[in-house]
Structures are given as C-alpha cells and as structure tokens.
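Naming follows writing order (A, B, C and D), and every chain is counted from residue 1.
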Amino acid sequence: MRRFDCDYMAGAHPKVMEALLRTNMELTAGYGNDAYTAEAKTLIRNAVGMPDAEVFILVGGTQTNAVAIDGILRHHEGVLAAESGHIAVHESGAIEASGHKVLTLPHYSGKVHAEDVAHYIDTFYADETYQHMVAPGMLYISQPTEYGTLYSLKELETLSCVCHDHDIPLYIDGARMGYALAAEGADFTLHDIARLADVFYIGGTKVGTLFGEALVVTNRSLLRNLFPLVKQHGALLAKGRLLGVQFAELFRDGLYYEIGAHAVRLAMELREILRAAGYEIVIESPTNQQFVRLPNDVIDKLRESISFDYWGPRGESSSIVRFVTSWYTTDEDIAVLREKINEGR
Amino acid sequence: MRRFDCDYMAGAHPKVMEALLRTNMELTAGYGNDAYTAEAKTLIRNAVGMPDAEVFILVGGTQTNAVAIDGILRHHEGVLAAESGHIAVHESGAIEASGHKVLTLPHYSGKVHAEDVAHYIDTFYADETYQHMVAPGMLYISQPTEYGTLYSLKELETLSCVCHDHDIPLYIDGARMGYALAAEGADFTLHDIARLADVFYIGGTKVGTLFGEALVVTNRSLLRNLFPLVKQHGALLAKGRLLGVQFAELFRDGLYYEIGAHAVRLAMELREILRAAGYEIVIESPTNQQFVRLPNDVIDKLRESISFDYWGPRGESSSIVRFVTSWYTTDEDIAVLREKINEGR
Amino acid sequence: MRRFDCDYMAGAHPKVMEALLRTNMELTAGYGNDAYTAEAKTLIRNAVGMPDAEVFILVGGTQTNAVAIDGILRHHEGVLAAESGHIAVHESGAIEASGHKVLTLPHYSGKVHAEDVAHYIDTFYADETYQHMVAPGMLYISQPTEYGTLYSLKELETLSCVCHDHDIPLYIDGARMGYALAAEGADFTLHDIARLADVFYIGGTKVGTLFGEALVVTNRSLLRNLFPLVKQHGALLAKGRLLGVQFAELFRDGLYYEIGAHAVRLAMELREILRAAGYEIVIESPTNQQFVRLPNDVIDKLRESISFDYWGPRGESSSIVRFVTSWYTTDEDIAVLREKINEGR
Amino acid sequence: MRRFDCDYMAGAHPKVMEALLRTNMELTAGYGNDAYTAEAKTLIRNAVGMPDAEVFILVGGTQTNAVAIDGILRHHEGVLAAESGHIAVHESGAIEASGHKVLTLPHYSGKVHAEDVAHYIDTFYADETYQHMVAPGMLYISQPTEYGTLYSLKELETLSCVCHDHDIPLYIDGARMGYALAAEGADFTLHDIARLADVFYIGGTKVGTLFGEALVVTNRSLLRNLFPLVKQHGALLAKGRLLGVQFAELFRDGLYYEIGAHAVRLAMELREILRAAGYEIVIESPTNQQFVRLPNDVIDKLRESISFDYWGPRGESSSIVRFVTSWYTTDEDIAVLREKINEGR
C-alpha cells in the first residue's frame, strides 16, 4: 500500500531520529533549559533573521495556536480567521475553550482577502453597538493554507499592512511552512514571514520531526510570560530538549528546506500524473497537498493499492480526494501511483 | 558530574528508544488510531486487570491532570488535594484555568488522611451556605506522593471507601507509579489501583519513555467524550502511535516493573550511604526520591561532582536537598556518590 | 420627543413598581429564599402548565443565556443558533467566555429552518473528522426573534422534533416572549413553549419589570445544581425577592399578557401608519419591533420630534430604521407619530 | 420578629426608593448611557476625590469582584486574599471560573498582615520553580472585613506600600464600605481609599440600594475595555439608569454616610447590651456586624422573637452567633433586643 493520506504518518526524518538517538542517554535540565534548545532557538532566530525574537517550541499545532491566541487576545477580543481555517474548524473548540470567539471571514481556496479584513474591522467600529460585540483582536492565517494554497509576498505585505493600520497583530500558522517555502513560485522567505507577522510558528510535526512547533514572537510585547502560560495550558514538555534536538537538526544544515523541496517535487509530479490522466485538479496548489476530482470507480480501484483522503462527493459519480506527500514519500511511491492511474484509465 | 536532580533528565530507556527507531519509517494513521496504540491499550488493560477500562495516552502529566479533572468535575465543583499536591502547587494554575478550584487538605509527608477528606465533605454540607461555596467534587492523590511517600493498600482502601461513601470519585496521579510499585514494602498492585480508583494514570515520562502518561478510566461514566476533550485541551498528539509504541514496549515484557525496581534499589543504596554517613533522612521515602538534611559546606563540596535538587534551608548551617534516581541511574553513579560522601565527612 | 428606540427605556410598569414599593420595608431572607419568589415560581409553573418545572429568576438576558447554555453543554459541545441570534452577535462573547462555540446557521428574517438544523447535525456526524470539531450540543432560538418575527406552532413543533430526534435539547430565548404571545396570529401558548422546549426563559426586562428573566427548566436533568452555577456566574441577586415580587405581579392577574397586547396593538397601528404613508415595511413582524425603509430626509425631519433606532443604509438615499413599542408607549405617542409622518410626506 | 440576620433583608432606603419611583416613567438610553448614571459617576468621583477615576456601577458584589479580578489579572496570575475572604469562600468559585487561583494568606480576624503579603511574594520569586506556580498578581482585601473588623489608615498605607513595592495592585472590596466609614475610630476617608487602592468598589446592596456596587478604577491602565468585559460577564444591566438613580441619591446629599452612621450607632448599642449581659464579644468589631458567644439555651429562647445568624458551635453548650444591623434597623428593634436579652439572663 502506497500512502498519501496525510503528512504525519511516519515518525521523524532519519537524521532527526538519529539526533534523538545520539543524545538519548545524555542528562540535561528539563523544560527546555538545555543546550540543545538554546541552539535550536539561535538557529531559528538566524533562519528568520530576527536575533531578538522570542522562540518557544511546543509539542503540537492546536496547542500552539491555543497558547498563542489566548496569550495575545484581551478578554473582549476574538480572532479573525478564514471560515476554513484550522482554528475555526478542526480544533474541537480549543480557542473557545480559552474564552475567545473565532470571527470568520469568507475564504478563497483557503485564503482570506485583505479587503475583507479591513471591511470587517471598519464595519465593526462603525456599528453603534460594537461594545456589545466581540472585537476583532488579531488576524490568523495559515501559510500554506488548509487547501495547500499560498499567499504571495505581495498578499502577505497587504495583509500585514491592513492589520497594522487597524492596530491588530498578524499571526501565521505555519504547520506546513516547509512546504510553502519550497513551493513553485514562492516569492517569500522566512525573513519576510518574520518581518510581516507579529507571531508565527514553524511546524515540525508535518515536516520532519516526531512532533514540535516552533513559536516565534517577533513583537515581544504581545506575548509576555510565555513560560507559565505554556505550563498552564498543559503544553510544557518535561524533556524539553527533545524539541530542541529536533529543531536544531532541522535548521543546522538546511534539512528543513530539503524536506520541503523533496515533498513539493513529488507533489508536482503527482499533480502532473493526475492532470495528464485527464482528471480535474480542483484547487491549484503549489505545495504538498493536491485536491483532485476522480470518478468513484477509479477511487475504488485505486484504493486497492493506494491510500488517500476522501474529501467529499462532487456530483453523482465522482468525488474530491486529497493526495499528500511528505518527507517520507518516495519516487517509488510516485511510480506506483503513475502505474495505477494509467491502469485505471 | 553524576546527576540526581530529577527523574526526567535522559531521553527514553534504550529498549523504548529502539522500538521508536524500529517503527520510525512505518506509515500509520494518526491520533492514536494505529495498531501500536491498540496493543498498548490492551497491554495496559491487562496490567490493571480491567478489560473494560478506557485507556487514553497523553503527552504530559499536568496536561493529563487538567484533562481528567476538567472532564470529571461539574461547574460548581472543585478537586480536593493535599496542599502539597502537584495540581495545587506546580501546574501554573492549569486546574483553575479550566475553571475549577483546588480545595486543599493538610498533608502528612505528602499524603492526605481519610478523616480529613470525610471531615471536609461533612463540614461542607453541614454549612448552611454551602451552595455559595465550591463543592468537593473529587479527590486527587498522588502515588507515590511528591515527597516519595506511599499510601499502603489499607490507606488506599480507606480513601476509596470514604470517597465512594461520600459520592465523589478518587483520582490517582501516578506520574511515578513505577517507582511506587517497586518500593520496599509496597503491598498493592496495579490491580488494586484500578479497583480502588475511578480514574488514574500510569506515568511514562519519569519511568522510561520520552514522554507519555496513560490515563485509565475504570469508571467510564465519569469521562465520556474523551477524544474531543483531549483535542480541545491541545493535548492530542498527531503521531499518536509514538505513545502507543512506547507504552507497548513498557508493558509487553514487564520493562515498566524492571525500571521501577532498578531505580528503587539504587535509591535504597543511596539512602543507606547518607544515613550511614550520619545525615538525617528527613522523609522516610521507600521510592526513588530521597530528602536529606546536609550541612551547607558538605553541599558545596559535593556539588563539584554531583548534582541534586536544593529544597530549602533547615537551620543556619544546613539544608534539605533531594536526590532522585531513575532508570538511567547507574551503580557507578552510586559508587561515586558513596566515595564523595565518605570524602566529605 | 416621542421615543421608539427600544423596549427598555422606562423603569417598571406602574403596578410592578407599586408592588416593589409596597413590599420595600419588609424583611425577608436573601437569594430568592422568600415567599414572593416562591409565589412567583408557582405562578410561572401554572402559567406554563408544568407543575414540576424548575424556575429560577435571574437579572438579565445575556446572563441568563450564559448560565443556561454553560450549564447544559458538555465541554466539547457548542450551541447552534441563527447567525443573527443574540448570543451570536450581541453578547460580547459571553458564550465563548464560558468555553463554548456558537455554531451558526443561516437565518431567514431571524428564524432558523428545521432542515438546516437537521442538515448541520447529519453532516457533522457524517464527517470522519467530527471528533476534531465542536459537536452541536443544543439549539438556541429566540421567540420572537431579534427581527420581531415569530415561529408558528407548527414550526416550533418541527424544531422540537428535529432536536429530540437528534438528541439535543431546544432552548428558547424569550426576552420578548410577552410580545410574541400577544402577536396577531400567534397560534401558540406558554404551555406549548414549555411542552416543546427543554429550557426557556420568560423575559421581564422588556415586558414590565425593572429587570429579571425567569428561566424555566422543563427537562430538569439538563440543568442540575443551578443555584451554585448562578452564583458562580455572578448572577445571584442578594435581594432575590425583588425578582419574585416583580414576576408575581406580572403573573398574578395576567398583567404580563396585558402588557404584551398593549404594545402589539400600538405596533400594528404604527405599522399601518407607515405602510399607508407608502413606506416599505422590510420585515413582516407581528410583534413590537417594526423595521421600515425611510428616505433619509424623512428620517432627518422625523428625528426632530421622534426617536428610533438607525439600522443601516439601504441604497443611496434611504435607510432601514427600527421602531419599537413597549408597555409604556401611549396612544398619544402613536398620534404624534402619525401626525409627523403625514407632515413628512 | 426583630431581624438581625444580615444587612440585605429589606428593599431600598425610602429616599432611594422614592428616587426610583420619581424617575420610573422617564425614558432614557440603556446600559448606563443616561444622565442619572453620569451624575452618579460625577458624585462618586467627587466623593473619592479623584476626578479622573473611572466609575462603573454593577449589580452585585460577587459579580463586581469577578469582573474586576478577571480584568486585572494576566493569565498566569492569581489573587492574594485572606483565607476568610469572600472571594476565597463564598463566591462558588467565581474567580476560578474565570481561570484564576485565589492564593490564600492567613487571616487575623479577617485581616491580612502586610508582612504576610511581602513574605508570600518574596518567597515566591525566591523559589527556583516559580514559573511553574501561579504568580501573585494582585491583593484583595475587604474593608470592613467579613468579620466586621477594620484596617486602620496606617495598615492600609502599609498594605498599599507593600503592594506597590512588589508591583502588584491593591483591590478593596467595599461591600459594606458605608459601615466602615462610620465606624468608631475610623481614621480614613474615601479619599484615602482612592489614594491607596488601585481599584475598589463602594457597596450599595448592603447600604441603602436595592442592588448596585460602584466600581472605582483609580489606576485606569489596569482595567481597560471595561464595558465589553462587563457585558461578557453577563453583568451589564439593560436599564442601567437604575444604578445611576440609586447611587446619585446615596451621594447627592450624604445619604450614604447617614446610613452608615445609623447602623453603626445601633450596632454599638447592641454590643453594649450583650457585653453588659455578660456575653463574650468574640471579635472586636466597630462596624455593623457583631459576633457574640451565647449559651445555646439563650439562643433558643431568643429565637422566639429575634432572628440572627448561627455561626458555629463553641464548646458543648454555647455557640457563636452574628447580629447585623443595617439602615433599616430601628431603635425599637434594639429596645426589643435589650428586653429579651435581659429576660434571658
């Protein structure tokens, strides 16, 4: 079975695993007060070009979003997000559990438009009853989005401008950031992300580590007292060095970018195979997630040897499915997919 | 430097690490929907003698306490705990962050007395204003306690009786359960724990795994909808199988008990060295944590080659310190300690 | 100035005020443990035809919604509501502050459709990832709605059916219930409301009292421990008898229905005046709120002698405004409005 | 029956009630945006000598404490309070429900000692693990305390100093402030309270109004966005002017001070009657609450004609009881008490 279900099906990239093994018997202080975590933080600060940024590495994405958003917002504020955003849909109400509303915006293949952000805030404060409503307190976007699409540098700059003109911070969920950076036509770097966002995170779980998301706070006044906040959220890892060891490995010699490039290259091949076979690519994604419309009988046949994600019906006899590549996807996986697709025609 | 600071300074027990390495490149479903997690749950159900118990493995201890307590309590209820209990002191208010008060009881070397529990509840309901106060909704104890002490089987039975007679559940924090089970004179088993507690957890982080705590719900009506609750708390691990792989390794061939026995044996040797050297053992702990009173000059000298935890001053010229052994403590560590202690006299 | 801005501009209905005055110097127990509150509860139980219902009178509407919804929902659940619903828009995030998401449904002049409720729930559980999402745990509707519209008995029955078939409770916000009961063509009674809803409240603030909303729990298993929950929400009035005195007055001799009938009669006259003058009634409301489209110059002119609520622009030169009648609106108010409207043509 | 149970047994002081009646049929804007509330705020600012203070009048005491404390504290902070403090005991966990721990200090007849505050904070930050614990983020005291005792001006100054030296704000719960100001030997004024506290409230419910507590924020940076915070807590009164009308009446011509003086004068008479009869005054309270030890048979006999609060047993044959006077206590009430006490000897 060749598996394209999601990008967190394997353990860690072999080099990351080796680093964990190599350091396994060392004894260090807990809670991230160790040399590996210090190294990882320095490497990340360098990678984003912000020597003064605060970096705190957490275990998972929902956790990181919940800690950051809870920490940034004041009581009466909510977080603006695309209605397709992870925090709006797939976090079991973690944001609300910390007391905050997710204020949804229309999405365009997973992206929000700057005009919609501006319009929401302007309309909000123009309403005489605004003090009875939840104030827009920050903007959440994901790069790449939940649909694999990307904001261009220009779009990021516009969103950042709109946020700062309206006096709210911009937060970027980078669970799959590695795949964004490696995308065809990606015209932004981590330096841009750090320059434009007030807070963001660089995902590890889906890009080479066993787990781990590196929260980067460039606007440090927004998130003070992060350590006890993380602890209070139950998000502090006792053996914090595990996070440090893994992220140091990702950023010491560019492994993070290699992983991204590998998965994106295979995703592009995969897309071409499906397009060439005549199937509709329903979202134009330059990253590691590909959404395709397949006839239901083709789906049934493919599933004998290939696994992927069912997304929903499209008409009577076809459906949308999602194929995902990752650092562990192989050329052989793609070759098998090609063969099966061609058989299926 | 020989290190006795705490029991979470190394990575995972080599066998656990090897299991992670061995399974690293396998592709499985996420969120604990994998065969390793299923195996681990079955092994744990067998180990506790409760084939119908629900088992859910989480990442960390504070997180596990927060999820379980939040899930069990109703809005107007708080959790009874020793004033020295981990949830009362060292969780940065995680219980309160979920809306619940920790109702403290006096502690006796870390333990609560059943009479105090009964008295609290009886007094509470005898108070005419009790509806204006936070109702005692469950009892939290730790086995072993934060001071390394143990409840005997008889004490556990009495606490369980008192709880159930007063219609509240008993929850046991077993962050160091492995060291309790292996303690000299321990007269209880995991079967007893499961029989007497309504909910408890078996700690992995301090007993052989990289991380992981196995929550066991024997009274399933208390904690329904655990999956979304865990997710909502940001506590759901994407690569859930990492938890399954590790706990399966701990419980497949008795590794969990070996680890406990090893650390306790060395702790007993350590205690004898210190006692023989004339130092006061300030708490009689049969487990892997030892609290000793040392002259301050001895402490200074020892610290050149040995690390341990400073607990607080005791008089002008001496202090209480804590030595902790773990699965990674070696006979050689103990030999060095012996040599340094003897030098120090 | 004749005022039609909203229905909470005056104090209490003279009879209610007189009852407060009459009882002012009596000494009674606090927190609702007094004879007036007992009488009010009995009168309300009789009025709704449910001798076993629990009744708890709170101070305000947002408070009542927050207490009831927080008490009913389990952690992983949210409340379904029209996107125009009060809890979704105008409660400053009170529902989210207690940890719960408001799951919005499309609205049709303020009402939700039973099919949309059923579809939401069915789609939710059909989604493989539903455990990562907030479960629909109850339905909130308002009768009358925020736009003055009404659910018919048939619609209420269908909504109640859909809820109970899908195993969620139905909650009705009756902030303006008195004006619903008195509406032209209203084919339901408080008995119907009590039979179809699991929990609802009968509003006093907008229907004759200084403040006060009577929460009625017909399905008592949903909201146990209401007293400490109310206290915990800061919603328990020390001099609880003030609520009892007022509601007893409303329900002892039918004053509640008289108030409703009075305001609705005047609202119907008001509507006819506006319609006859050629202005568009933009929502067909049979209750005490009337939404009308007026030319902007007419608005400016009217405002010299009449106040009302500005709702928003409609086109370049006209706007939607809201006129509200209440128990304190007089025939003379309507006469002045008629005169001014006719002048304005 | 002469009633000394508590100080919230009657409605409002006749002058306050008359003001409500006088304004009852006026139509005003809601939510405190009315002229009476504006007047009340100005009067209160003048009374406390702080023209720039923010004043917000809420309905009840628990509610006011919950809003203020939730608004002031950051996530990782708790509130220091006497273990006998209202927020620590009698608010059904309202503070914890908003996510914050109450950090208890020893009490001395209801008061906290400045040294204990300083010691708590110093010890806290000296602990290496302080980031895992709830930080002391503010100090809560009540004036008078729950036991009727008073802080002297000197004590208030010292507490204020300790707080500000340790960089935490001082919050004063003034539910019975009127009785403190009128106490024998009270050497402080509302100007002192405002100068020394960062935030405090002046209670109305127990001192002449139907309900209402005036929150005064002298350090405005601590509590921004109070309006939506109040609304979110379900604490915003629709007919906000009811609060304004009542507080304007209390502070327009000194009624607040008259009420305090009246009740305290009668409390002092009551104390003398009991002391002269040979009964032990167990707490030296100069305010309207008096705690006395009475033989149980005396209690039984007295209760035939006089009601008061049972506080708890003291030995085999006597108990502590509480007598409370208020604005509605009469000289005749005291005369009857004198007669019955003298009969009972």
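The rule is simple: a residue touches a chain if its C-beta (ideal position, glycine included) is under 8 Å from a C-beta of that chain, and two chains touch if they have at least 3 such contacts.
Since this is a predicted model, take the numbers as computed values, not measurements.
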To get from subunit B to subunit C along touching chains, fewest steps? 1
Please name the chain that ends up farthest from subunit C once chain centres are defined by their CA atoms averaged. B
Report the inter-centroid distance (CA atoms only) between subunit A and subunit C in whole Å. 42
If you average the CA atoms of subunit A and of subunit D, how far apart do the two points sit, in angstrom? 51
Approximately how many whole Å separate the CA-defined centres of subunit C and subunit D? 34
Within subunit D, the set of residues that touch 2 or more other chains is 75-76, 91-93, 97, 99, 131-134, 228-229, 231-232
Provide the residue numbers of subunit D that touch subunit C in the complex, in ascending order. 3, 5-6, 8-12, 14, 17, 20-21, 23-30, 59-67, 91-94, 97, 205-206, 210-211, 228-229, 231-239, 242, 328
Flag every residue of subunit D that touches subunit B in the complex, lowest number first. 75-76, 78, 89-93, 96-102, 128-129, 131-134, 310
Where on subunit B does subunit C make contact in their complex? 70-71, 74-76, 99, 131-135, 224-225, 227-229, 231-232
